[in-house]
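Each structure below appears as structure tokens.
Two complexes come next, and they have one chain in common, chain A, joined by chain B in the first and chain C in the second.
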Partner chain A sequence: MSDLFTTHLPALIIAIPLFAAFLTPLISRINGKGRNFVVIVALLMTFILTIKLAWHVYTDGTFLYAFGSSDASGFALHTPAGYVVPIRILFEIDAMSALMGIITSSLALLGAIYSWNFVEKYETQDKYYTLLLLMTVGMFGMVFTGDLFNMFVFLEVLSISGAALVAFRTEKGASIEAGLKYMIISSLGAMFMLFAVCLLYGQYDLLNLAALAKRMDYTLLDEIALVALIGAFAMKSGAAPMHMWVPDAYGEAPASISLMLVASTQASLYALFRVVFTLYGAHIDPTTIGWLFIIFGLLSIMVGVSMALMQDNLKRLIGYTAVAEIGYMMLAVGVAIASMGSGYSLMALKAGIFHILNDALDIGLLFLVAGVLFYRTGARNLAQLGGLARNMKYTTFFFMIGLAAVAGLPPTNGFASKLLIYESIYLFNPVLAIIAILASIFMLAIFVKVFHSAFLGPELPSLAKVKEAPPSMLIPMAILALVMIIIGLFPNLVYSTIVCEAAKALLDQGGYIAAMIGGA
Partner chain B sequence: MLANLPFLVVAVMIGLGLYTMLFNRNLIKIVIGLTIIENAVNLFLIALAYKNGAVAPIYTSAPSTSMVMPTPHALTLTAIVIAMATTAMMLSLIMQIYKHYHTLDAFKIRRLRE
Partner chain C sequence: MLTLDSGSGIWTPILWLFLFVLFSVIVLWLRGFGRSDYKKGTDQTMIFFSGNMEPLKDMVHIRSTNLYWGFTESLSVVFEKLRKAHTGRINDYVYWFVVVLALLFIIVILPGGGLQ
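Let's turn to the complex of A and B:
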């Protein structure tokens, strides 16, 4: 019995939030609190199942799931003899996908708990929760799938629900505008991706990632497809030249959705790495693609930091720093590709992947704090805030932790991964490391300014009666802060186990192919 | 040459769609541009699926055994449904924008927001 349960874990992780998504409108007819409870329970179950799945992946190796097959765990094809094209939809969960799954499910769970009080005054809550769950489904699908077209479908599920949630506050013109912008950018990106899928399908009659990787000839058309795929996913992850939707979407979405959007940019980043490492793997020219990523990364860091300095809207400011943080990951992975084969290449890749996890926690925590400030004061501008530390002890403390983590100060997780990034980049090119460290110092300056103007200083008369955040909002922030400090103090808890395995899995193209179709 | 005509049409349509999206300030026209790209990609899939002399893969009393692989058609149907959903979503957002600003000109909207 338990064996059957284990076999169908990937399908359950997708099915539970999907089922709950369409159950919520029905339950909210009966009871609003009951619906919130069902959403949280569904996401909690998903979280536990993801942990269980990740446990299996880390102990027994890559996990395969074939939809609609009598033998779901194996690759049993009932096709005519001699026909070797895999036509089933296959999920392949390796260590990297498992890491992304853990990030997705934990952020979704925390976002749902946070939403309990945060969106209570809106009448359209039932739709909010449906869309939140669909967004979770989209992210899970993107990180688990082993099929390119399937990835496109989940990308669109993610984009549509995400855009609707960005435009959630329909009483404001600016949020609808941000939602439309996000929708247009994501649809255009998705169309580029579909075009690339067509190019690959036209040549190889395949949609399966592993089978495509095995047959890849790297013709001119494949190169065009690679460009389209990199463009699409870089656009969705908000890397610098295509970052214009990020501050709008982050700034206008409810804080819990900003948290989910952080996870969605990470999922796109995962798709980008999966395409470059697994689909193209050894075929790409390390110098060209590596430097392309490094340039994306440097641009993101510079644009993000310099634009964040000028913002006075708190959530837009954090949005720009999120762009800069994406830049750090691109930079580290770019260095890893460009220095492929050298001793520090793997270290740079590990640092980049470690930073994916840490960035999701840091930026997520800062968005949640910004959400608390908006919830309690209704203010979005830094000029309208001041002296909040008197009334909001815990929130202030959590903001300080988030600040330290984003700026890369010990004892937080940001320090652990940023130090690794600096170290590995320095071995590749000292100038890049200097730019990265300078940008971190700028980030510290930005957030110290925010900290001073929002939490310190004289108490504003209008904010004298501000109360501390309700428990449903404090708990997610406390969990995030605790995890961040634990990772900061004992980085090896996750680094030497989960992160290193993920980096190895991403590099191991042959292993990915062998797990799917055998005999690489 | 003539056999490649559908692919040329696809390239032209993608170019037209991108042009429409980049050089129009009217939000509905931007969405039209996106729809043109969506249709071009669907046409690309269908053109790829064409096989000379083959029949649809329906086994009952099929006139010949050379059949078309139905995967691209299934993909196209999925893509069409998704495109419809995104278009509906964008147009409804544009309706809301018009309610707020009483204009569809992207430049004027930006000025009104300040």
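Let's turn to the complex of A and C:
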């Protein structure tokens, strides 16, 4: 029984939120609180299963799961032309996918808990929770699948549900506009991804990532596919100069959905890394592709912090810093690619992956704090806020943790990953390290401005009666802050286990192919 | 578990925290030498504006729009260009995607480009 349960873990992780998504509107007709409870329980179960799956991956190696035919010669479609196509979808979960799964499940669970009070005044909560669960399914599918077309389908699930959630506050024109922009940008990215899939399928009759990686002849068409995939996923990750949708979407979405959008941009970043490292692997030109990533990273960092400095809308400000944070990850991974074969290449990759985890926590926490400020004061503009530390002590403390982490101040988790990034890129090119450090100083200045304008200063008469956030909103922030403190104080606890394994898995193209089809 | 080895050095947050607490204690000890006749809720706590009345709280608080004004003003040429590039129009978003894709095509597909 236990074996059977373990064998079907990936299917359960997808099936439980999917089933709950369609159950939600039905329960909603009976009891609203019951619906919220079911959503949280479903996501809690998914979280536990993801941890169990990750544990399995980190102890026993890559986990393979076939939906449909268990082997290529089993349940198959026989075409008149003589082709035998096994009918199945394969999930391949290695240490990198497992890490992304943990991020997805934890942020989705915290987002659902936070939503309990945050969206209680909206009548369309049934749709909200259905879409939130579908978005979670889309992210899980993207990070678990071993099939390129499957990845496209899950990207679409993620994009459609994400766009609807960005436009959730239908009474506001700006939300609908942001949702529409997100939809157009997502469709454009998905279209180019589909174009790349077509190019690859047309040549090799294959969609499976491992099989494609093994069979690829690295033709001109494969180069065109690579360009389309990099462009699509870089845009979906929010890399500058294709980042402009990010502050719109993050700024207008409910805070709990901004948290989910952080995870979704990281799922796209994961897809980008998977394409580069697993699909094309050792055949990419490290200098060209590495420097492309570095340029994306530098642009994202510089544009992100500069634009954030000018913002007075708190959520847009955090949105721009999220762009800068994506830049740090791309910069580190770019250095890892460009310096492939050197001693610090692996360290740069590990640093980039470590920062993915830390960014999800830091930016996620800051969005939740921004949501609390909006929920209690109704204000989105920093100029309308002040002196809130008097009435919102816990929220202030959580913001300070988020501030320190995102600015990379010791001893937070953000410092640990940024230290590794600085060191590895310094060994590659000191100028890059100087820019990265300067941008972190800017980041500190930006959040000190937020801290001063919103939390410090005299008690404003208009905000004298503001109360602390309700428990359902404090709990997710407390959990995030606690995890950040633990990772900050014991960085090696996560780094030497989860992060290092994820980096090794991402680099091990042969291992990925061998796990899927045997024999690299 | 306590020490992160970066290859070039180490980072031990617990040691950092210990030093932080130690220095905080020293600072508090030094603070103890300060005046102890400060009384809350008296005129001592009022802001002194050369004898003028204290302005309203709303007027005292330095808002976000005023912070870093000097910095953004002196670099306004750069910031204005960046602001103008962020038009908020979806046409421009797509434009940037097309531009980046075109550049990627040129860089990756040129001989000696993306694949080897």
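Keep in mind that, in the parts below, the second predicted complex is superposed on the first by the 502 of 520 C-alpha atoms of A that agree within 3 Å, B and C clash if a C-alpha of one lies under 4 Å from a C-alpha of the other, contacts with A are read in each partner's own complex, and residues count from 1 in each chain.
Everything that follows uses one rule, which is that a residue touches a chain if its C-beta (ideal position, glycine included) is under 8 Å from a C-beta of that chain, and two chains touch if they have at least 3 such contacts.
Being a predicted model, the structure only gives us computed values, none of them experimental.
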item	value
Partner chain in contact with A:15 - chain B first, chain C second, else both or neither	neither
First, second, both or neither for A:159, with chain B first and chain C second	first
Contacts of A:441 with chain B and chain C, given as first, second, both or neither	neither
When both partners are placed on the shared chain, which of chain B and chain C touches more of chain A	C
First, second, both or neither for A:149, with chain B first and chain C second	first
Touched partner set for A:482, first chain B, second chain C, both or neither	neither
Touched partner set for A:26, first chain B, second chain C, both or neither	neither
Chain B versus chain C as contact partner of A:188, first or second or both or neither	both
Intersection of chain A interface sets (partners chain B, chain C)	180, 184, 188
Touching residues (chain side chain A, partner chain B) in the complex	87, 149, 152-153, 156, 159-160, 163-164, 167, 170, 172-174, 176-177, 179-180, 183-184, 187-188, 190-191, 194-195, 197-198, 201-202, 205, 207
In the complex with chain A, residue positions of chain B that touch it	14, 21, 27, 30-31, 34, 37-38, 41, 44-45, 48, 69, 71-72, 75, 78-79, 82, 85-86, 89-90, 93-94, 96-97, 100-101, 109, 112-113
For the chain A and chain C complex, residues of the former touching the latter	180-181, 184-185, 188, 192, 218, 220, 222-224, 226-228, 230-231, 234-235, 241-242, 244-245, 248, 280, 283-285, 288-289, 292, 303, 306-307, 309-310, 312, 343-344, 347, 381-383, 386-387, 410-411, 415-416, 419-420, 423-424, 427, 445, 449-450, 452-453, 457-462, 488-493, 495-496
Contact set on chain C toward chain A in their complex	1-9, 11, 13-14, 16-17, 20, 56-58, 60-65, 67-68, 71-72, 78-79, 82-83, 85-86, 88, 90, 92-94, 96-97, 99-101, 104-105, 107-109, 112-116
